[in-house]
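In what follows, structures are represented as structure tokens.
Shared between the two complexes below is chain A, which has chain B as its partner in the first and chain C in the second.
And then the complex of A and B:
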């Protein structure tokens, strides 16, 4: 861990900070999540570090709880999309033939519809709970992971050591988890960072459009939406969550870049 | 004595290495090599991989591949030190005075441009010849190199000519600017054995006719003996022996050179066939899915217990396809395979664990035949666990036994394939197949990717194991020297058919059919003047012609 470049250090520090705040939100936040504590849009003061929002709640508290919701949804959806996408992708690559055709063409079909539109349609007919949000986002995004996982696995599946495993009589489970997965891990892990950011942006977009996290629950996209009128009057409350989204995205990106660099180095990706 | 064209003095070359879990550091890969090359002479540089021969070849163009730098010494070409000269001077040197022929012509030609355009490029851009003169010169060279329809071949794209022809086009490319020196870097190594000698003869004639000097780099001493005047034997960046060809081949001084000269001198007594073969292929016909021609026609061969059947042929002859059919990866369209007295299901999916266990395979490229993320212990241990249910200490004990059998110590059990040398990797692959306690091992070109001395070690090991474990080998190779060393019976394949089949002594003694004659005569022999003799006595044209 001694040769971490400065950019990755910054990324790690910010990512770590945001995740810690998300985990310990109830202990850090100065007020209750939906508690009205002051006037509308009070400027920042020693009492309200970031001021108050459109109905007089403490903005810092909202930000901390909002981060908790956003990061939790993005993390859960990323894990869901990775598990489904990569397992299906590997199965498609290893099986080949009609299994591959059916899975790949189905994924093409889903990908041909813009995912934001697709999500909006689904969410407008379903009850919008956090679970539904995670499932919809996770499954829609798993198509992209499927593509990557399949492409990586197709290259690995033709290697002689995979053929040797087949000739030994190994079942598909061993081939996927023992022969292919360890060798496909580096590109997948790097992609995971990027997909996480897209999830943060996706859930923020949905909330901003009113189909994501529902009030009084807070999330960063929702806070932007609640406070966007203030911008016209020169009140910066909407900028705080926007800033948080931007810094989280950039810092996770820096970490992902570093992982990608490390794993594709001259060491043959075994480091 | 004339002034040498190329004078190398105490050349030192360094490179940066990136070992795992360590800081990158610089090492020296060539330790002070010196030699002279007079105009019109050919110097052969020979050594195993990592000996520094290509690096030295490129240094004579003042060039170092990525990460390699020339750290000391002098390289004089035509009376000036090219390591000390200006960049513009080097520019006129490369492609003008010194040119280069690489191992893989297919990877070196631009597939989007016609051959002629690329052949004359250096001569024209160096201002040595006008476009028209360069084209005339190229046609002359095509004729000299024995290419078919020399007037029009330049209008083709690289993929429209065969591998051997493309390698000759590359030689034309190197000779077109009328250089003083050509560096040949393994020009025939990637070619089939019968094509190799045509290209070799063409290169030799071209060198003689144009009076150019050449550095000929190869790992094959028998090849270099045919073309060079002097030979320098290199090992790990140092000169082992340097002398004229006659002396190196007939009176080698150093032990290492002696070992190289006497390589493939394994003696193996042919065994008599037993009444019941362990593996018997009957009238196998096979084709790949989506194609409309048969890759194998009516192939019938028998392999007897504890013996070696060698399948010999050029690339494309169908020998690897036969292996795929036997292993069940490609079910045949016709014919049947009997294995250990029972009929083998054509498709891999329908075979019993017992069939899978008793029929093992070893691959050509040991690098990709082992999962880079598994340790040697896991690689060898998996068949033990899978077939015999061995676990824990019992498994470890057996792994250590197997490591002993392949003459590697217990220290290797926790290493990763990336930490092994080429020969060690192949040994681990052998141990993996032995772990299954098989009756038959299919060896697909197992020594082709290895240096001669290492390959020798592997062959000896295979023979020892055969004696001890009584395992039969189906040995697929294009190398007849290997076949002579280890086979009991031989099947010669040509275009998907078995053209000659029998015991080793039968197959290798006259009268020969034309193809077997061509194949046999094409194996380079370690003596001077062999090439001329062969070319004069051939009955059949090689496929590359």
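And then the complex of A and C:
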């Protein structure tokens, strides 16, 4: 533990704090999630630490529950994107030949459309539920994980121990999970932090555009959307999520940087 | 044929093919998914009769393939179809909005590109000292906040608290250029901040990469000053990656514009797209998606071609 640099410590502490808040939201939040407790846009006071929102709900409560929704969606989408992306990437790298070609060209194709635009196109016909959001975001983002996983695995797939495993007749499942995965894990873990941030930004953007989490559910992008009219009157309620998103993503970045620095010396980094 | 022309022709053909595939993907994205377009437009309570009517009107009874080709054929001739929500020609609405969006993105590009390269050079020159650290910290913060929040932060502090610019960016054709620039000052600022951060970080990385070459060490050893080494030796060799970075970020700008337009209620393509996604107006969404994809693919293609032109080593693939 003592080898952890101070920046990574801060990052870990804040990341941990946010996750704990997400898990224990109902116990921490002073009021109920959709409970109207006061006047519209009250300033911060001892009763309402951050003030109230556009219809008189406690903003701190909304932020805590919003963090819960945002972090939960981002985590689920990251996990989905990593499982799909890395398994397909490993399969492409290990099989080579036409499997690799088909998968890689398909990923090129999806990446040729900006993911926000593609998500908007898909969400225009899909019902907007949390499950759909997670699937759309996770699958769109798995293209990036695919590229990274494939690039890392191509280097590993030519190693002698993989050759040895092939020669003794192991199946592709063994090669991927027992030979390649353990060696490709560190760059993937570092990337995971960055993807998680991207997911947080992505889901906040979608919710802000009104195509993500639907009210009365709270989430950080939605809080901005609900309170944006206040900005013009000088009421900063809509800016609260900016602080939360920025601190969360900077602290995850610090952790990811540390993991990356630790692993670059081991295995050609993100190459 | 000249080898460079041949490469350019190849890239063009490749991009056209990619765009074709992308159009198919966009079309498929709105078609093959579970759920019927007519159902999602009219909602759960729609009667069988109105559903059937709408399906007929949208041509949903024909097979998807033939609808795709007629859609694509019309789009190629500039006919993007008719919006479901107001029954107007999509290409008419798109025309002026596209112009507005390009106006916004163009100014953001004009300001951010030179600034990013300059800051990148500065960060490399003072690597690991306070200017570098300051630039790194500011850019890290600005890529950690979503664009729309940067928009509201600027709106709150600059437009509302300081009262310098107006908080909504409404423009029309009767305004003079100066008035227009004043109106779009804030959205341009947001876009510049967002793109600048990415561009500057990537420029810095590209130059640092070149700085590790042997000829840079030679230049340093023969006593050139810091800026001379960068300007005369590192920069020319870093041009190709930097151009690539610039183009990639301009492509990124295309996406950033969507959100920023919504924040500042700017009458551009992005707002048009988002509005009609929530109204489930599929033809508009398809048309906008196609245009955004075309711009994105086009910029990426230019990035490709320029980096091949700038780097002779790429002209002879192994």
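Definition applied: the second predicted complex is superposed on the first by the 264 of 271 C-alpha atoms of A that agree within 3 Å, B and C clash if a C-alpha of one lies under 4 Å from a C-alpha of the other, contacts with A are read in each partner's own complex, and residues count from 1 in each chain.
FYI, contacts are C-beta pairs under 8 Å (C-beta built on N, C-alpha and C of every residue); 3 or more make two chains touch, one makes a residue touch a chain.
Everything quoted here is computed from the prediction, not taken from an experiment.
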Partner chain in contact with A:112 - chain B first, chain C second, else both or neither: second
Partner chain in contact with A:183 - chain B first, chain C second, else both or neither: first
First (chain B), second (chain C), both or neither touched by A:234: second
Partner chain in contact with A:122 - chain B first, chain C second, else both or neither: second
Touching partner for A:163 - first (chain B), second (chain C), both, neither: first
Chain C versus chain B, contacts on chain A by residue: C
Of chain B, residues touching chain A in the complex: 18, 20, 327-329, 348, 351, 353, 356-357, 360-361, 363, 365, 368-374, 382-383, 386, 416, 418, 432, 436
Chain B contact footprint on chain A (complex, rising order): 159-161, 163-164, 166-170, 178-179, 182-183, 265-271
Chain A - residues contacting chain C, complex: 108-110, 112-114, 116-118, 120-127, 197, 201, 204-205, 208-211, 221, 224, 228, 231-234, 236, 238-239, 241-242, 245-246, 249-250, 253
Residues of chain C defined as touching chain A within the complex: 18-19, 21-22, 25-26, 29-30, 33-35, 37, 40, 140-141, 144-150, 152-153, 155-156, 160-161, 167, 251-252, 254-255, 258-259, 262-263, 273-274, 276-278, 280-282, 285-286, 288-289, 292-293, 296-297, 300
